[in-house]
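Look for subunit A in each of the two complexes below; its partner is subunit B in the first and subunit C in the second.
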Partner chain A sequence: MFLQRRARFAYFLVLPSLAVITLLDILPIIESVVVSLQNQNMGRSNPEAFVGFAHYSRALFEEPTFWTSLWKTVIWTAFSVAGAYLVALGLALLLNMDIWGRTLFRALFLVPWVIPDVATALLWKWLYGDEFGVINFLLTKVGIINKPVLWLSDPLMAMPAVVLVQIWKLYPVMFVVLLAALQNVPKELTESAVIDGAGVMQRFRFVTFPFIKATSIILTLLASIWTFQAFDIVYLLTGGGPAGATKILPTLVYDKAFWGLEMGYASAISLLMLLCLLVISVAYLTIYRTQGLQADEARA
Partner chain B sequence: MVGFKDFDRRQAVVAGLGGLFMLTADNASAQAQANLTFWTVRLNTPELSAALKAILNDFEAQNPGIKIKHEPVSGNLVYPKFLTAIRGQTMPDIAEAYSYHPLQFAAADQMEPMDDIIELWKGNGLLADIFSEYAYKKFLWRDHYWGVPYNLDIRPIYYRKDLLEAKGLKPPRNWDEFQAAAIALNDPANGVFGVVFPAGNFHIAQHFYMSFMFQAGGSILDKDGNLVFGTTAKDANVKALTYLTDFATKHKVTPPGIASYNTDEPHTLYVQGRAAFGFGTGGLISRLMKENPALAEKTGILEVLEGPAGPSGKLTAAFYNPMFVWKHSPAKDAAKTFVKWFVQPGRLERLYQAVPGQHWPIFKRDINTDRVKSNRLLKEALDNVVPYSTDFAYPGFGRPEMGVIDGEKMFAAPVNEVVVGAKTPEKAVLDAHEAMKKVFSS
Partner chain C sequence: MTKQTLDRYRLSFTLLAVYCVLVAAVTVILFPIFWMASSSLKPAPELFARNLTMLPVAWTLENYRNVWEGTSFPIYFWNSFKVAALSTLLTVLISVYAAYAIARIRFRGRGAYGILLLVTQMFPHILLVIPLFIIIQRVGLLNTHAALIVAYTAFSLPFTIWMLRGFFEAIPQELEEAAAIDGASQITTFHKVILPLAGPGLAAVTMFGFIRGWNEFLFALVFLQSRDLFTLPIGLASFQEEYTFRWDLIMAGSGIITLPILFFFLLMQRFIVQGLLGGAVKG
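So, the complex of A and B:
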């Protein structure tokens, strides 16, 4: 009886959160599903005409844009997350050591995180400029290049250039979390490994990494979700160009929804994106659980 | 101090009746007062906002029954803001925005026809005083005018008089002369490019292509509003695209990175003195005056070029920006009163003074001001560009689909793709035509 009452009270306590989630997440998703099945061309007077799965069919089978954009989104996400993780891990390992200025550097490395995306894009646009960009200026000054690198104008360079910006934007949050995880690694274990003659790489692989593995999986999952749907940086830096080289799915959705006024089609693409994210998330969580079980078995 | 407990029942009744009376009185005064919301997209810089505020104060002083609440809308968020407002039925009473908004929102059944204002202008001679009939006929769709023009946004070519003179050249007047001059003035040793134009995947790239398209005898629509971009107008459009992109790919007289340029980069390079010819907006005039007045003295504004189409195609892209009224506004009459008052010769002089060159009047009689007479660049733009200005749909009139074609940058893509070598001009034009065709058939 007491437990039942406790459970009822617990449900009562989560009600406000549930209401907010329903209002801000579940209802918009349901609305998106409805919109994706309607014409919803805002430039037409019959937006609510039911069209079934026509928008999905168009995206998946009739126009190659969805697939090319999906591929670019996968590249953008994979390289951004992997790059940011490596940078964050490197810095976290470095600043987990007892070095001079550790507190100052910890604060400094967080700066990119607090800069708004729009300001980040403008800042990097200025850095990447071909004729007045700081990077080309410095590279020319030190004699590494003799003509400007077309960071944002060359279709082969544009994707690496925007990925670099996303890495810069993404690594601080990963750095903070990894640093916290590293501080949970028992010092005695590392010291024992040193006494046993383990090298730096061995210590990292067999002592440190197992302790930050679970954190790393969750962190890269979250970063993948954020990056997969990131929009501002690419849109402001390249507009999806040159020649579509950086046309990732969020920019396609934005163009179709807010310039093409095709809300139905854009909603269908958004829901396909959601499906992709669900697949990624399930894969990640499956790995996470498997790893967790293995760890439990090892401990037992 | 008097607390609630000190009130007796009679006092409470009197206070209640008094409050009710005040509420009723307030409601009555609200009914006499029309409160209008005015969204602006192009008047939001601090200088322009201040000038607009003064104009709105004048209006309210002359029309005490109408209050205007000005709300700026970011240019990057125009569509999200308007579409959300349509869905939530919270559109402003009046708005000024981009060229095709009135027709797009009319197609969504959200706009109030403005036929009465056009009729009024016909009667009082204002219509005849507008520079180009495309200024208002672009808002004509299904027998109604859905917006009225209030402002002109031009796309001139700026040139360095001193560099031309040093080479003994006259300002070019046609395509051949322009190409020869850009090649002759290209001076990489001194960091000066022959010509700088935006070719990034941004809206501005298609504006300049459009000018060359018209000059080659091409267009997007025919006079009946049919899509001809990749059909009957294909050859001319390919010719224009080839001519424009050749500056980058064949003659190599542009900065190498123009494929990522938006509006600002060509402006900046020109202001830094690093371009013999610079494609820009009217706003470059005020940047020059502010940031490099010495260069402003050495700058001229080119007369619109004559291309393969000859004198009949001597046209340039420009945009007559609209004002429009929401169909469901509770104060439509007051909104139209405001529009009629706002769009009149001389009324917006404060805006023109705030940022010289960025905004242009639509009425011919507005050109004889001291402001124009005393500023050579304004005068040159007025003589050499404004009279030749026309709009996207030329030689047709309004089509809501043009908003999508412009919005999705369907003819910026060909410029961008050819400049980076991803497509030939012909393939780029044909692919863009296919994309446009889908918009017309959707």
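So, the complex of A and C:
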């Protein structure tokens, strides 16, 4: 009787959140599927005409755009996440000591995380400037380059340039979480490893890393999911250019939907994108599971 | 020299090296922000000088005044504040109760609800923005702040509920039981006993919701059309076309959008980190 009343109370408490999430997360996904099967081309008449899988077959078989964008998204995601993870891990290992000013350093390393995307993009655009950008200025002064690099307008440089910004934006969250995970490594273990004469690298590989492995896997998965769908930075820095060099899937979807006004086609692409995310997640979690099992076997 | 003093020397040498690396890392990582601040405080000609200086030669607040008095920036600022504050209020109100329910009460569907919260966090915004644009147009809310406020609330909720759950779980259950024995109703117990103890959690969630609303770009870009409704992110982005090459204005504008967030963050970073860990690690 008491339990039943408690449960009813619980439903009452979660109801508002459930309503909002259904209306703004679930309903739109359904709408998106419907739209992707309809004509929905603002230029043409009869937007709600059913066209079946026409948009999907156009994306998958008729035009190369989806595949080129997907490939660029994979590059963008892989390099951003790998870079951010390495930076985060390096800083977390450094700060995982009892040193004075630890909290201050942690706060400072977190700062890029709170800078609004718009400010981030604009300020990096200013740093990357061809003629008056400070990066070109400093590199010229030190003598590394003798003429300005066109960071954002050279098709070869644009992708590395936007990836660097994403790394800057992405590493802080990974850093805090890794730092917290490192606290779980028992001090005695590291100390006994030192006594046993293990070097720094060996200590990391065999003592520290096993403790942060699970966290690392989950973190890189989350970071991949975020980066795969990130829109702001690339849109504001290059708009997908130059010559489509940074046209990752989110930018492609935006262009098709709100410039081309092809809502149906854009929805189909964005759902394919969701499918990719699902595949990544499942693959990742499968690896996680099998890795976990292996670790257990090794311990046994 | 004994072994101990040798060890001590080695230790202080390691420490010195660590500090050097840390300071170098901070310098490199925070340089972009330093450069934004420095550029925004330089008179415009200094920005385009042949020989750039790290600090302004003639410090000035002129750029900030030009942005604030010469453009629509105050309107954008107010719009952003309104949208971020109202969506944060809604987010906190809704997530507090939901988080308490999943932290403390066993009910059928609790697991499914938890999964729903995790899954919806994964939905790409670029996917949601198209159908939401269509739906919002259909119900006549396009080009209103209401649409943005509700959308921001919906996108923050899954994370904030998850985050608060961690804080509630850390509060000893005995406190509640004692209140129940004293005859307090469930809702009173929650309001009088639990909520005051979850202060840091509330601070973290409030901060998180506000940052989210203050920074959000894509939905504002798609939902808003009239300039007088623009929030700071899209207002500032529109400077790129409107005031091309006016980096003095753009950097001062970036400074204005960043400062409040940075200030609150540095003030409350302990709670925010705690909340971030509660939400991210448990998930």
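Keep in mind that, in the parts below, the second predicted complex is superposed on the first by the 268 of 300 C-alpha atoms of A that agree within 3 Å, B and C clash if a C-alpha of one lies under 4 Å from a C-alpha of the other, contacts with A are read in each partner's own complex, and residues count from 1 in each chain.
FYI, a contact is a pair of C-beta atoms (placed from the backbone, for glycine too) under 8 Å apart; a residue touches a chain by one contact, two chains touch by 3 or more.
All of these numbers come straight from a predicted model, not from anything done at the bench.
Asks: Sharing subunit A, do subunit B and subunit C clash or fit in the superposition?
Replies: In the superposition, subunit B runs into subunit C.
Asks: So, does A:132 touch the first partner subunit B, the second partner subunit C, both, or neither?
Replies: Both partners, subunit B and subunit C.
Asks: Give one of first, second, both or neither to describe whether A:210 is in contact with subunit B, with subunit C, with both, or with none.
Replies: The answer is neither, since A:210 touches no partner chain.
Asks: Tell me the contact category for A:21 with respect to subunit B and subunit C: first, second, both or neither.
Replies: second
Asks: Mind working out whether A:7 is in touch with subunit B, subunit C, both or neither, as first, second, both or neither?
Replies: Touch partner of A:7: subunit C, not subunit B.
Asks: Look at the residues of subunit A and decide whether subunit B or subunit C touches more of them.
Replies: The larger set of subunit A residues in touch belongs to C.
Asks: Would you check which partner chain A:94 touches, where first means subunit B only, second means subunit C only, and both and neither mean what they say?
Replies: In the superposed model, A:94 contacts subunit C only, not subunit B.
Asks: Regarding the shared-chain residue A:150, is it in contact with subunit B (first), subunit C (second), both, or neither?
Replies: The first partner, subunit B, only.
Asks: Go through the superposed model and pick first if A:263 touches only subunit B, second if only subunit C, both, or neither.
Replies: A:263 contacts both subunit B and subunit C.
Asks: Given 130-138, 148-156, 184-192 or 256-264, which one is the stretch of subunit C whose C-alpha atoms run into subunit B?
Replies: Only one listed stretch clashes with subunit B, namely 130-138.
Asks: Check subunit A for residues that touch subunit B in one structure and subunit C in the other, and list them.
Replies: Common interface on subunit A, subunit B vs subunit C: 132, 257-258, 263.
Asks: Using the touch definition up top, name the residues of subunit A that touch subunit C in the complex.
Replies: Of all residues in subunit A, those touching subunit C are 3, 6-7, 9-11, 13-14, 16-18, 20-21, 23-29, 31-32, 35, 91, 94-95, 97, 99, 103, 105-112, 114-119, 122-124, 126-127, 132, 134, 137, 168, 173, 176-177, 180-181, 215, 222, 225, 228-229, 231-232, 236, 249-250, 253-254, 257-258, 263, 266-267, 270-271, 273-274, 277, 281.
Asks: Provide the residue numbers of subunit A that touch subunit B in the complex, in ascending order.
Replies: 41-45, 47, 129-132, 147-148, 150-155, 158, 238-244, 255-263
Asks: Going by the contact rule at the top, pick out the subunit C residues touching subunit A in the complex.
Replies: By the definition above, subunit C touches subunit A via 15, 18-19, 21-22, 25-26, 29-30, 32-33, 35-36, 39, 47-48, 52, 94-95, 97-98, 100-102, 105-108, 110, 113, 116-117, 120, 122-135, 150-151, 153-155, 157-158, 161, 186-187, 211, 214-215, 217-218, 222, 232-234, 236-237, 240, 247, 250-251, 253-254, 257-258, 261-262, 265-266, 269-270, 273, 276-277, 280-281.
Asks: For the complex, which residues does subunit B have touching subunit A?
Replies: Touch list, subunit B to subunit A: 79-80, 83, 86, 104, 107-109, 200-202, 255-262, 265, 268-269, 272, 274, 400-401, 403-404, 407-409, 413, 416-417, 419-420, 422-423, 439, 442.
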